[in-house]
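Listed below are the structures to be examined.
Next come two complexes built around chain A: one with chain B, the other with chain C.
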Partner chain A sequence: MPDRGFDVEFKCIRKRYGSIEALRGVSISIRRGELLTLLGPSGCGKTTLLRTLAGFVRPTEGEVWLAGERVDEVPPARRNVGLVFQNYSLFPHMTVFDNCAFGLQMRHLDRSTIQKRVEEVLNLVHLAEFSGAYPSQLSGGMQQRVALARVIAIQPRALLLDEPFGAIDRRLRDEMQVEVRKLQQKLGITTLFVTHDQQEALIMSDRIVVMNEGRVEQEGTPLDIYDSPRSRFVAGFLGMENLLPVTVVRRTADQAIVHVTEGPDLVVPLRAAPQGDHVTLAFRAESVSLVRREESAGAEAGEASNVLSVPGTLEFLMNLGARVVYEVRLPDGKLVRGEAQRTDRTRAFGVGEPMTVTLKGDYCVLLPESGAGT
Partner chain B sequence: MNKGSAPKLTREPGALGWPLGLMAALIIAFLILPVLFVIFYSFNESAYFHFPPTGLSLRWYANFFRLHYFRSGALISLALAAVVTPLSVAMGVAASYGLIRGKFRAAAFINALLMSPIIIPGVVTGIAFMTMFKLIGFTWSFGNLVIAMTLICLPYTVRTISANMHGLNPNTEEAAVNLGASRWTTFRRVVLPQIRPGIVGGMIFVFATVLDDVSVVVFLTSYKTSTLSIAAMGYIRNKDDPTIAAMATMLIALTIVLVFVIQRVVGLEKFMSVE
Partner chain C sequence: MSALKKPRRGPVSDFKTIPTRSLVLILLPTLVIIAFFLASYGSFIILSFREMVPGTSQVTGNWSFGSYRRFFRDTVYPYFMFQTLLRAAQVTVIGLLLAYPLAYCVARTASKTLRQLMMGAMIIPLLVGGITIVYAWMVLLGNVGLINTALKALGIVKTSIHFLYNWTGVIICLVYFVIPYAAFSLIGPIRNVPRTLEEAAVNMGASRLTVFRRIVFPLTLPGVVEAASLTYSLGLSAFLFPMMLGGGRVKMMSNIIYETIYITFDFPFAGTLAAILLVVSIFVVTVMTRLQRLARRVYNE
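Moving on, here comes the complex of A and B:
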């Protein structure tokens, strides 16, 4: 097997449970030292894929490669990968020290080596002074750090994190994400990270693979995925709430002119734009701006440009503290969701009032008309 | 169903207070009084109960140990407990682990089968065993007792150990395997220590059952292998003196010691809170 700098390779993995197909031919490679995130809703197959690498799920078809070795027939105890669970899963009857020493004892290392290695990893996660404590005496965040130390101690060929922050409260989670990411980079350990939280994926990852229904939807850097989703599913999953059906009027080499609603057309830059005339215009709520009709400078009809201002009626408005979210109905019945900083100006908004909605083409993406990239 | 008016969880004192208090007092009295009476009676000097007692004495205790009848019964019962307890615990652990971790279709059926000795009356079980052992010509009486009692006790160990095992996080076993442990090592170092409370709880039930079962054992004992309970039954049929009370008091003392030891070892509240 030629080594192309990939530490982990999934080749065409399929997994069937009776008539249910949990994985439908997934191929993913992780580079050495890279943190790759599997992002998707529950039931998309991300955990199943991670477990094929840990050895707890045997693929129905396909190959799993780890550091140049095919491992899908290797028993889980001999794979030397470190798995961290959402529910910590520390051994409740052992101290922090013994938890971390367990994997080393399984490798029959001598006592002084174990002692030294455990001290090292506990220092790494800043828990050296808790080595005599039992898991139940620690907070959730601390327990997860012990779980991390426990697998780092065995110097695994890859680190597998299965929703590791899911059970930790929000405030601590942000801290843990940064800490784990720093540690992962410091150790240069190849990592497969599973989450359903897009924010977490964006913070942690070198690369993200978005999965849906047992398939890879899209693969790319966090910014790629965030800015240029290629399917309605990915766009929706990463928070592009507006998915409007539009018609392509004209295409040039790098942009498309689309007809959104009554009035002038919108110029949208072409990234990986779909074929056909009927497409979906996707954009985030934050990229919409809204003013009351009487304050707007009067929509200039005619030329298509990369800014589109159209009339609409405010249908819904909700204050979220520092921000407001709203929905505006366009004359042709389409609904646009927007979000803005809450100011004196938004305070004056009233439901039912005539408004002017402004979209910027640069913040829009064209996607296939419907379906999930199939 | 959550209707408009939520049920009152706190009650003002007085309304139902004293009848409930009386009820509780009576229940406690009925539980405790016979025990206290037996203890009191066992130290009574005369063979018949007098109040106030004519004097205190240990003669009935001496009598218990003097009678070969009781000595051999106690020995047989203890030997039986010593063999049956590890057997039914081992089988209970294996069965619980299989029923809970192994996902197979017959699990519910096997569980019901293992529980059946609790439901079937002891007399029926006893007669069934007696008939079967006779039929196959297996006449070693102590062996008969071991087999029968192990089966009778299995529901208790399976119950306490399964309840304990249900509470275990299966991921801890995966974590152990992931760290390089074999299945056996995982069982020994991760599962077993966590189900210790269930095992100890089961052991107590087994011990108590072996000591006091009459209905099954009565069909399987011979003159030579009478258990303590059978010996006691035989004794009170002929004599009515506090020797039996002395035996009961010693069993109570043994139970209390046992409970204290267990509390020390595992913490009683831990295994009393099964499920």
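Moving on, here comes the complex of A and C:
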């Protein structure tokens, strides 16, 4: 196979369990030194795909390539990939040192080499002084670092991280994410990372593959995925709460004019816009702004522009400390969800009051009318 | 607010402490049973320090160490004791070697239905009772039994192998009898070893054998010791199988005690044999418990 700088290649992987199809033809490539994230809800097949690379799942169809070698027939013990589990899976009856030495002993290295290598990796994760401790004596974060050191010690051809931060509490998780990412970049190790947490995916990744129901839904850089989701599923999964059905009035080369609700139309920039007149307008709650009707300048009728101000009724309001979340009903019955900083202005809002909702077209994305999922 | 009633006051259990009244109710029957047990043990231990009135089946009221002296003077009894300890050890080793893979297989079966089916099958030998087991094995192991017939038909042996009325038959049957006990006490400890630990070891390059030797076995060692002490106790107290399948040629301590009571009517000596067997059993169980604690400490659980 010609080497095109890809370290890992999944080619059209299918996996069937009886009548259930966990993977429905997934093709993904990971470049050398790249951290690629599989992002998706539980049951989307992301862990199954990772396990085909580790060798614990045998694909029904398709090929798995690792560093220019086809590995789907290679037994898991000989693949030389490092797998880090969500529950750490450290050997409880071995010290930190012995845990890290295990993989090296399997490679029949001599004692002094093992000693040196283990010290190296423990230094990398700042746990050198804990080499004699047992896993149960360490905190969750430390255990996770040992799990990482343990697989780095074998100098794997690829690092596989299966929801590695799932069991760590929020604050520590943020720290660990940065630490793991730095370590991965420092070592330049090709990494496949599995998570259901979009925030985590955005922080960690060079590239994200969003998966749903055993298929690749979208692939791109974190900002690509965040700014320009191409399906309702990806938009929803990355936190675009608002998905309104709208009609395209007119298209130009780089923008579309859409009819959102009664009143003027909205100009939306065209990225990878779907065909057809009936589409979905997707936008984040943060990009909605809200003022009381009496305070707004009443420029309601008029030309289509890239800012849309329409009347609405405040139906729901929830204070989250620094922020408020609200829902506004538009005159044609559509519901818009918004989020804003909590200020004196928002404090005056009352449920049932007439409001003016403002949307900026630049922050909106057009999606196919209906897709997989929400 | 007024519609809400205060919770009714009454005896409230916080699930941490058992109320004293319940505790008494639970303990009382237990104490009665324990009292009867201790009384029976006490009576044969007292009996072991008595003497027979010569030429009769009467027991005198004098205290005596005569029976104990006889036990150690007459080499045949220490020999039977040794045989019993040895055979129980053989049964334990063979039983565990067979029970461990069985328990592993059950523990690692993903389907709950299948697992319960397997466990159900394991219980059957415990349900049918010893006599049924003995006769089943007699049919299998006899000189014209299933196994010998098959071996001869296949040309592997010319004359029947004598399985019955020697240690072979007794041990086969005892092993069969202890396997469910050993396997059941191993299933839990094996299930407690997360599958991902095995995967982690394989991922780092370990062979299946290494995974077993370095990960699964050490982590289940306390369970293995527990299963061993259970199996060994069962082996030490074996009575029916050596009696039925030993053909009077091979005997274990329980059989000797039985004969002393029902054939020679020497109650003090029977009491002595029983007391010595009891002390040896307690010693073995204590050693095993210590080992188990040691195993737990070594593996830092």
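The criterion applied here is as follows: the second predicted complex is superposed on the first by the 371 of 374 C-alpha atoms of A that agree within 3 Å, B and C clash if a C-alpha of one lies under 4 Å from a C-alpha of the other, contacts with A are read in each partner's own complex, and residues count from 1 in each chain.
What we mean here is this: a contact is a pair of C-beta atoms (placed from the backbone, for glycine too) under 8 Å apart; a residue touches a chain by one contact, two chains touch by 3 or more.
If you're wondering where the values come from, they're calculated on a predicted model, not measured in any experiment.
On the superposed chain A, the positions of chain B and chain C overlap enough to count as a clash. Within the superposed three-chain model, A:278 lies out of touch with both chain B and chain C [touch as defined at top]. Once the two complexes are laid over each other on the shared chain, residue contacts for A:89 go to chain B and to chain C alike. Of the two partner chains, neither chain B nor chain C is touched by A:70.
Touch criterion not met for A:182: it reaches neither chain B nor chain C.
Of the two partner chains placed by superposition, chain B and chain C are both touched by A:54. Of the two partner chains placed by superposition, only chain C is touched by A:136; chain B is not. After overlaying the two complexes on the shared chain, residue contacts for A:103 are found with chain B and with chain C alike.
When the shared chain is aligned, no partner comes close enough to touch A:347: not chain B, not chain C. Where the contact sets of chain A with chain B and with chain C meet, they give residues 54, 56, 76-78, 80-83, 85, 87, 89-93, 102-103, 106-107, 150-151, 154.
Within the complex formed with chain A, the residues of chain C that make contact are 194, 196-197, 199-207, 210, 214-215, 218-219, 298-301.
In the complex of the two chains, the chain A residues touching chain C come out as 54, 56, 76-78, 80-83, 85, 87, 89-93, 102-103, 106-107, 134, 136, 150-151, 154.
If you check the complex, the residues on chain A that touch chain B are 54-56, 76-83, 85, 87, 89-93, 102-103, 106-107, 147, 150-151, 154.
Those residues of chain B that touch chain A in the complex are listed here as 169, 171-172, 174-182, 185, 189-190, 193-194.
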